[in-house]
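Shown next, in C-alpha cells, is the structure this report addresses.
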C-alpha cells in the first residue's frame, strides 16, 4: 500500500513553469531521495506535495494521501493533514522553533492540540520524546540556547508529535559537518523503521548513500532518472547524474604542486588568537610561499575564519608575529569571504564595483573582460546586483575582484560551502590554476577534509581547543543567525 | 442639581490672597471690610460703618459683631488688624498707601495715615484686603488655607484648577440659596464656551466675542453682558522721537477704525471715543469731542511733521522709517486680534507695525527700561471700586500701565487733590479732557464683561467692578 | 516573504501620496498666480464672508482672504519643517557616522546624549528654545532640529555600525579603498532609504508640532499665517463659519496624510 | 542587570541635561525674570515695579554665575527642586498633585489605545495586502495626521456638544476621563495598530510560524500560542518610545480640557518663567520615560530571553 502518491505535479510562477509534471510515490519503509542541481525545483516539488507552496505560486496535479485525493492547487485542503498525516521537517530548524518558547512546550503542544492528549500526559510524552533523542537536559532551554543539531532534533520531535506517518525533509543536513550529518540521518531512518514514509531532498551524495531506498534526480524541473539509490549512484544513466557524481571531491585526483617553491609571502610565528574571551589558536606557526596552497581544516567554530582575519591584519593576535614579505603593497593580501553575498555592496551593480577596483589599481581596460573569459562568466552578469546572481557565479566574481588588486596572497574561506559538486569542482580548479600560473600563495579553508587532502600542498588542522566543545554549538548557532537575519529584514 | 458649577479663566495658584484672593472674594468665600454695589457706591462689609477725622489722617472702621471665621473662631479687631498687616506687606494696592499704623480697638479698627487718602475705604474693598482667620497664615505670613468669613466655606482646594465650597451655616448674613458651589479654572475661551453649551458649567465667566454671538442663539444658556470700567488702549512711549508730539499720537488715533473693530472683532455695540467708559460714571465725560476715524487727516498730520512716503508706502523722515514695535500679550485673546487689525490700519497711513505678542510683564518692564514703543493692553480702572487709585498710579505723572515719557503737572495736581478728597466732577472732567487732547494713551474700545448662565438659574448679575460672581443671590428655578 | 506583499500594496499608495503632496505643493506655489492677492490685507466689512472670485476660500474673521493666507501658511510650516529636518538629518548623519567610525568614548558620549534627549519630550525642548527665541522661525528651526536629530543619529549609527563591520566594507578596505569611497558606496545606499522615511516622518512631526504650539499660543507671531495659528484664530467661529475653520484643518490634514503615507509606505 | 545600569546612566544624564538646560534658560531668557514671575503671580492687572522688585528681592535673582550653577545642580541631585516661583508652593508637592492626574489620564489613554490598536493591527497583519489591511493603513495614517488638539475638539463637539454623552471638560469623576483619554488614545492606537500589523506580518512570514501550522495546530492556536507572544515584543518596545508621543499629547489635551496635570503645568511654567517648575516637570517627565522604559526592558527580557535587542 502506498502512503502517498503524487501525480503530474507542476508548479507555475505566472506563465513560467518551475516544475514540469512530476509524479512520485512513497511506500512504507522505503525512503525516497531527491538529488539535483541547485534551482532545479526540488523544494518546490516537495512543497507542492505538502501544500506549503508560497502564495505567489500555483500548482496543478493530484496528491493522494491516506486514501484521500487532493488537488495540489488547493492549499487549504492540506491544512488538516499537517502534523496528522505529513510531518513537515523545516529547512532551517533553528528558525523553525518559536524563539520565545522553551523546547519542551513546543513539542508538548503538538501532543496536546494535535493528538489530543491531556496537558499532563502531553508534557510527559514530550519529555520522553526529547529524552529519546538525547535531549533530556535541553527540554527547558530556549531555541537560542540550542545548537544547530539540537534544534534539528527538537524540530523533528515537534514535527512528529502529531503522529504523522509520512516525513518529508528538505535538505536536513545543510550546513552541518560530517558527524552531525550522520546523527540526522540516523534519526530519519529510525522513524522509517516503524512503517512510515520518508522523502529526503539533498545534494549531499554521502547522505543519499546513507538513506538508501530509491533515488530521483531532478534537473530544470523535470525528472532525469529514478531507480534504487545504490544502483543510480554506482551506475548512473543520465550524463548529468554521471557528472554530478564525478564532481564529488572523493573522486578528484590529487593536485600536483609545482616542484620549486616560491619566495615566502607571509609568515606567522607562535600565533595565539582569542575571540570573545575564548582561546582559538594557540602558538601556531605557518609559512606561505608563492605558488603553494595551504589547506586549513577543522570543526566548525574552531577559528578558521578568525585565523584568516589575523593573517590579513583585521584581528589583532593575542601573541605572536605575522610578517609580510617586504616590498608588497598592502592590497597584495586579499580574502575570499565565506559568504560572498555579504562581501559585495548590496545595492551597487557588480560591474560598477569591479570597475572601481580596476580604476583604483590602474588595471588595463580589458583586464575585467579577460578575467571574465577566464572564469567562464557571462559579461551580462555585470549589470546585476550581488543578490541576483547565483552563488557559484558570485564566488567567481569575488575571485575576479581580488585578482584585480594583483594579489600575492589569497585567503579563500570556504569558497564552495554552498555549492553543488560541479560548481565546487570548477572553482577549486580555478584557484589551483591561479596558484600555479600567477605564483599566488593561497590559504584554502574547508570543513571537508577530503577536499583539502586532494588540493592542498600543506595542511593545517586547527583543533577545537579544550573546554570549548560546548561553545562550538553556540558558535554554529550564532553564525547561522547572523547570516539569516538580514534576509528576513530585507 | 444642588451644586452650581462656575467656570472662569483664572487659575488658583495657592491659598495666598495676594495672588489668588480675587477668586475667593468672587466665590463668596472671603470678605472685605468694605463692599461695593454695581454703581461703585461703597457699602458696609465686615465693617458696618466708617468715619474719618477732620485732618483726614485717622480712619475708624466699626467692625461687625458676631462674625465667625470658617474655622469657628470669632473675628475680632485684632484678627482684622493682623490680616491687613500681612496684606500690606505684600505687593498690592495697600502696600502703596501711606499707612502709619493699624490699631485694634474694642469693636473697631483704627487706621492712621501719613497723609490723607480719601479713597481708603475703596482700597479696603479690594480683594487682596480680604480678612482671613489667623490660622490661615503660616509663620512667614503666606496663607496656607482659605479661612474666611463668607457665605461659602472651602471644602476642597486643589490648585491650580479647582475648588469646592458649601454654604457656611454660621454665616453672619442670609444663607445662600445654592448650598454648594464649585469653581473650575478653564484657560481656553473655547473650552469654556463648550462647557456652557454642553451644560458642564452653570455659570461661565468671560466669553470671547465670537462665542457670545453663537451662544446668544442657544436656548440652553442666557448671556449677560455689561459695560465695565476697563478700556482697551494703546500705550504710547511719548518720549520716543517718532511719538513725542501730540500730533503724531493724534495721527495714530485717527488711523484707527474703532467702529469697525468693535463690530467685526470685538462685537461690541460701539468703540471707545474717550478713555473712560460710561461704566466709570462721573469719570466719563459726555461733553468731550469724540475720537474719530480719518486716515486722510492722519496722513496730513504726519506730513506736517515732516514724514514723507517711501516706495513701499511706509513713511520716512531723515532716512528713518516710521517703523514701530507693538507689544501685547495673549492672556486676553482679543488683544492679538486687535493688534493684527491695527497693523493693517497703521500701514494704511504709512506706519509699519511689528507685533510682539509676549508675556504681559514685557509692557511694564519695557516701560521701566524705556524700551517700549507701543503697548496694546486692557486696563482695569476698577482695581479698587474707586478709579482714582488707578488714575493716580497711571497718569499722575505716569505709571507702568499708563502714561510713558509724558508728564502733565495739571493732571498730577488734580488727581492728588481728588485722592485727598478735594474736588469733584469738574476736576474729573478736566482730567478726561487733558488726556483726550494729549493722548498719552490712545483709547480703542470699552470692555464689555460677558457671562453665560445656564437657563433656569435666576438672579445672575454682573459686578462691573469684578469683585463678585454674586453666587449668594443665585437661585435654581423650580 | 514580506516581499510578496509589497509590490501590490505600494503602487496605489505611491499614487495617492504623489497626488496629495502634488496638490498641496501646486496650491502653495501656484495659488497666488491663479488668484492674485495679499494674505495680510484686511477688510473688516468682509469678516467671515463666503467665497468670491478674489477670495475662493472666503474670508477670515478679520476679512483676510483665506486662500492667500493658506498659500502663505502652506509655504511657511513646510519650509521651517524641511529646514529643521535637513539640519537634523545632516547633524544626525555626521554624528552617527562619527560615532560608528570612532567608537570608544566618542560613541558612548554621543549615545548617552541622544538617549537622554530622547527621554525629554520634544515639545518641551521646542518650548524651552522658543522661550529663549520667542515666536520666530529661527526658534522653531533650532528647537525642532534639536529634537529631530536624535532619530537620524540613532538610525545612522545603527546602520553604520552594521555596515562598517560588514565583510563588504572589510573587503573594500582590503582592496585599498578609503573611507570616503566606503561611505559613499556602502553606507549611503543603506542609509538613504531609511533617511527618507525618517525625513518624511520628521517633517510631519515638525509640522504638527508647529501647529500644536501655535495652538497653545507659543507659535508664530500673528499676523503671520501659520496653519496652527489659523486654526486657533478661526476656532471661535466654528459654528458661524465652519468652512473657514475647515480650510486650514483640511490643508494640514492633507499635508500630514501625504507625508505619513510617504514615510509609512517605505517603512512597511 | 546591564539594562538597569544603562538606564541608570541615562537617568543621571537626563537629570544633568535638564538641570543645565533649565539653568541656562533661567539665565538667558529674554526679558527680566522678576517681571515674568511677578506677572505670573499677580496677573497682568497688578504687575508693576513694586511687585517685580518684591520678587527680585525675595528670590535673589542676580547672583554670580558659577556658584549659582553648582548650587543648582547640588539641589537637583538632592531632589530639592525648590519652590515654585509663581505659587510659592514646593515644586515637589505641586508636581505630586499634577503627576497623579496626568498619570491616570496617560494610563487610561494607553489602555484604551491597546484595546483598539493592536487587535486591529494583528487582524490586518494576518492577511497582509488584504482589503482590510489597506483600509487600516489609510485610516491609521489619517488618524495620525490629525493634530491632537483637533482630535480633542472634534470629540468635544461631537460627543459633548452635539450628543451630550460626555462632559466637555473638567476633572474629578471617572466620566471626565473618557473624552481626553479617547482623544489621546486614537492617535496612539493608530501607531500601535501599524506596529502590531507590521510585527504580525513579519512574524507570520517567519519560518517558525509556518512550522507551527505544519505541526498541525489550527490558525487560532498558532496565533494565540506563537503569534501574540512574538508580536508583543516589538509592540512593547515601541510602547516605551510612545511615551514621548504621549507626553506631547498630554500637554496639548490637558490645556484644552482643563486637566490639572503635569503637561498643563509645564506650559504654564514656561510661560511664567517658573523655572523650578519647568525643571521639576521636565525632570519628572524625563525620569518617567527612563523608568517606563526600564520596566519595559525588564518585561521584554522576561518575554524574550534572547536579550540582545
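Which chain is which? They are A, B, C and D, in the order written, and residues in each are numbered from 1.
Quick note on the criterion: a contact is a pair of C-beta atoms (placed from the backbone, for glycine too) under 8 Å apart; a residue touches a chain by one contact, two chains touch by 3 or more.
Protein names from UniProt, one per chain: A = ATP-binding cassette domain-containing protein; C, D = ABC transporter permease subunit.
Keep in mind that this is a model prediction, so the values were computed, not measured.
Visitor: In contact with subunit C and with subunit D at once: which chains are those? Just list them.
Guide: Output, common partners of subunit C and subunit D: A, B.
Visitor: Per the centroid of Cα atoms for each chain, what is the distance between subunit A and subunit B, given in Å?
Guide: 86
Visitor: Using mean CA coordinates as chain centres, what's the subunit B-subunit C distance in Å?
Guide: 43
Visitor: How big is the gap, in whole Å, between where the Cα atoms of subunit A centre and where those of subunit C centre?
Guide: Here subunit A and subunit C have centroids separated by 47 Å.
Visitor: Using Cα averages as centroids, what's the distance between subunit B and subunit D in whole Å?
Guide: About 38 Å, centre to centre.
Visitor: Counting only residues that touch at least 2 other chains, which ones in subunit C make the list?
Guide: 1, 134, 235
Visitor: Which residues does subunit D have that touch at least 2 chains other than itself?
Guide: Touching at least two other chains: 153, 157, 202, 205, 255, 271, 273.
Visitor: Among the residues of subunit A, pick out those that touch two or more other chains and give their numbers.
Guide: 488
Visitor: Could you please write down every pair of chains that are in touch?
Guide: A-C, A-D, B-C, B-D, C-D
Visitor: Quick one: in the complex, what on subunit C touches subunit A?
Guide: Answer in residue numbers: 1, 3-4, 166-168, 170-172, 174-177, 181, 185-186, 189-190.
Visitor: Which bits of subunit D are touching subunit B when the two form their complex?
Guide: For this pair, the touching residues of subunit D are 31-32, 35-36, 38-39, 41-52, 54, 86-89, 94, 97, 153, 156-157, 160-161, 164, 167-172, 255-260, 264-265, 268, 271-273.
Visitor: In their shared complex, at which residues does subunit A touch subunit C?
Guide: 54-56, 312, 314, 329-331, 333-335, 337, 339, 342-348, 353, 356-357, 360-361, 401-402, 404-405, 488, 490
Visitor: Within the complex, which stretch of subunit D touches subunit A?
Guide: Spelled out, the residues of subunit D in touch with subunit A are 202, 205-208, 210-218, 221, 225-226, 229-230, 233, 303-306.
Visitor: Across the complex, what residues on subunit C touch subunit D?
Guide: So the residues of subunit C touching subunit D come out as 1-2, 5, 8-9, 12-13, 112-113, 115-125, 127-128, 131-132, 134, 204, 208-209, 211-212, 215-216, 218, 228, 231, 235, 238, 249, 252-253, 256-257, 259-261, 264, 267-268.
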